[in-house]
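Here the chain labels run A, B and C in written order, and each chain numbers its own residues starting at 1.
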Amino acid sequence: MTGEVVLRVSGLSARIGHQQVVEDVSFDVPAGEVTAILGRNGAGKTSTIKGILGLIGRSGIVELEGERIDTLATDRIVRRGVGYVPEDREVFASLTVAENLRLAERDASPRRELVAELFPELITRGAQRAGTLSGGQQQMLSLSRALLNDNRILLIDEPTKGLSPKLVAEVVAALEVVARVVPILLVEQNLNAARRLAARLVVIEDGRSVLSGPASEFFEDEERLIRMLGVHGSGVGGVGTA
Amino acid sequence: MNAVLVSMRRPGARWLLSALLVVGLAALPLLNIVVPGVLPGPSYTPGTLQLLALSLIFAALALSYHVLFGAAGLLSFGHALYFAIGAYGLGILLKRTELPLLLAVAVVLAGTLVVATVLGAISLRVSGISFAMVTLAFAQAGSVLIQRNSGITGGEDGLSLSTQQLPDFFVGVLNTRNLYWLALALLVVVFLAVRWFERSRAGHVAAAARENELRVRVIGLRPFSVKLVAVVIAGVLAAAIGMVYLLLQSGVVPGVASSNFTLTLLVIVVLGGVGSRWGAVIGGVVYTLLDQRLSALAGSDAIAGLPAVLRVPLSEPLFLLGTLFILVVLFLPGGIVGVAGRLTRRAGRTSGATREDPRDVIEETE
Amino acid sequence: MSTVALLLITGLGLGALYFLVASGLSLIYGLMGVLNFAHGSFLTISAFLAWEVARRIGADSWGSLGLALLVGAVVGGIVAAGTELLLIRRLYERHIEQVLVTVGLALASVALFQGIWGTDPQYVTGPAWLAQTTDVLGARIPNNRFLLIAVAAAVLLTLLLFLRYTRFGLVIRAGVENRSMVTALGIDVRRAFTLVFTIGGAAAGIGGVLASHYFGYVSPEMGASLLIFAFIVTVIGGLGSLAGAALAAVFVAVIQQFANFYLGGTGDIMVVLLLAVVLLVRPRGLLGRRG
């Protein structure tokens, strides 16, 4: 499988309102591994993900396993097998945990056992309103919504944002399990997490993809990477920890 | 046509054309111009002048609404309230007090200022669609007050103009042309006032807030106060226009306070082209003439002879206008001015920046 | 005491009407961000067509009243669904234009109703029981009030169960909270749009038939005048909240009745004052989550 391209993004640009937030982003996501998008705050990482999904206005070419998906509506893109775990979780706060999961089920036989195995807590808290969950639990719920279905790729936006180091480790461990089954395009500010998960990196600067390649090459010259990502004051948390 | 539109894009030519237009309109009562199908009679006859004056008043009122919707991005469903305050306020003062005309006008304007400030401050606590509903509710309360207090307002029958305190040159059918000139002067004044507001600092902040409220807040300005200024200016202008309307129509009926009346203004502004002063003016004139001609058509023998399937809809001017409005919204965003602009660009091949449709922007700030 | 009972039950009856109109408005706004000015016309056309059906088969039987309610619901639902599919959908996500289109539809349709049925009210009759009164705590309550309250309560219960226990209900509740995330779960939320329009139109249609019995007539402007109070109810209750709409509908109608009786016919003004107070104290409305 490795070497085959699942998702190919060519010349993607995206806008919020009249403002161009992604200028020219191109990269491939190969099968069987995790590709991480890195970049400073406001560089256009989240907008790239949203542009791929059509959640914001976009142009350029996006191919899923060789088929164009850049003209489709968001829901149809997702039904083609693109799972999405948004920044800030976006669980439905007024719905129960079970309802959040039920809403996300779109396959005939959703993988409830996988979710129960990875996050047993969500099953015991099924009747609880999602808005009352802790940040970490909400992240697990958000992740579970994407895992329930048989996806060809997962787009996961900052899964460790705002979590304690212990929870970061839990989420990363879960993602490692997930990555064995499905390729992931990951936005990650936490360099340690990115190092553990990502096989490839894409660096975005001012709405353009400036570099991409095997993660090992980047992490050999960590200083350069840190300089590029503007660690100082940009919230790349957890670099020195763990 | 195209040559004129192209030349309109140069500021100097624009001023000259506007001045010529005003002079031409001012000369109408002295000329014998016949436009079959558009005007009911020659341009000097009182009936025609009455209609033309009414269309100028609607143009002015649409301009005052443009201050809210076009300039400040506020979708108000209660603008009729201020028009009604002007018309009823002056009518009641002239009937019930001995105040001379100018003093009565001043009192009404001052009253409107207060009402607009208070109601504006309350309704601006919410934004977007909620603002629309709240303004609708306030206007509805005004409408109810007018209908309930028939002792003062004349209730359903309306209020007739009491002419004792009026100068003679505003009274009587033969003086319709004086009222026409008054309406024209009013339109010019309102146009200049709206233009002044849009080009003032407050106007620029309002426009900026319309496009991106957050950014305005970030640079330390309060969108609330500029929006309130817009509400007050629009309200006071509408009241002034209402007073001229009272003089022209020799009275006022409760319909002008209804929500339908505000909806009509919205139709006019959209028909002409949202975000454009000339659009509001053209929309006001076109709407009034169209309404009058469609009403005439509705009562004509040609319609009466049709089968019911055609007769019923064609004899309802508001049905035709409403349908036209839907079609404009669906297929002609930018209204009449938008269409003219596209023609101009095609004719002139000018590569200037296209005007942004403010309605696109409103949504994003919601 | 008898006056209080009369005002209270009449207020509940009127509140039932407000709720039937406001429930659809609130769901439509909550899910789609569309302020539907044509909602009053859904009510009016349903009331007229139901009246046409009922008078042809004899309006004085319970069967014809039941049929009228059914016709009202079906007509309201179909007209509303047609509006969504033909007009609203073309302007997807352009909220101001969507409002404008419904404004145009409201103006045009009321004019059309006037062309078809004239501007004078058409008087409506029903089963004899409806025109009689029942004694409650010494007050003689017109029986149609009980019908209104019972039907509105049934509609509220049905809607709550629907929202709670069906997949579409789940999609609607989630969509009210975060529409774009619903599409990002692969759900075509536009089907839910058509559905809330249909449901809202059906509720308004039932409201139209009941309103014609409450007022005793059908008129082209009937929907528009109820719509304004329904807007107020929607804002006070909190946009998007069905329970809020129910609560606010009763609240508004009862206050209106009491003010009309005890404060010299100031009911409408009091309602607007109430709206102003709610906005000052709680701009999101009683049960609203978002501003």
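In this section, a residue touches a chain if its C-beta (ideal position, glycine included) is under 8 Å from a C-beta of that chain, and two chains touch if they have at least 3 such contacts.
Fair warning: this is a prediction, and the values are worked out from it, not measured in the lab.
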item: Most remote chain, CA-based centroid, reference being chain C; value: A
item: Innermost chain, where centres are averages of C-alpha coordinates; value: C
item: Centre-to-centre distance between chain C and chain A (centres being mean Cα positions), rounded to whole Å; value: 43
item: Centre-to-centre distance between chain B and chain A (centres being mean Cα positions), rounded to whole Å; value: 52
item: Computed distance of Cα centres, chain C from chain B, in Å; value: 32
item: Of all residues in chain B, the ones touching two or more other chains; value: 360
item: Contacting residues of chain A [partner chain C, same complex]; value: 53, 55, 73-76, 78-79, 84, 86, 90, 92-95, 99, 102-104, 106, 145, 149
item: Chain A-facing residues of chain C, complex; value: 167, 170-171, 173-174, 177-178, 180-189, 289
item: Touching residues (chain side chain B, partner chain C) in the complex; value: 75, 122-123, 125-130, 132-134, 136-138, 140-141, 144-145, 148, 259-260, 263-264, 266-267, 270, 312-313, 315-323, 325-326, 329-330, 333, 359-360, 362-363, 366
item: Chain C residues touching chain B - in the complex, by the definition given at the top; value: 29, 33, 35, 37, 87, 90-91, 93-97, 99-101, 103-112, 114-116, 224, 228, 231-232, 234-235, 239, 265, 268-269, 271-272, 275-276, 279-280, 283, 291
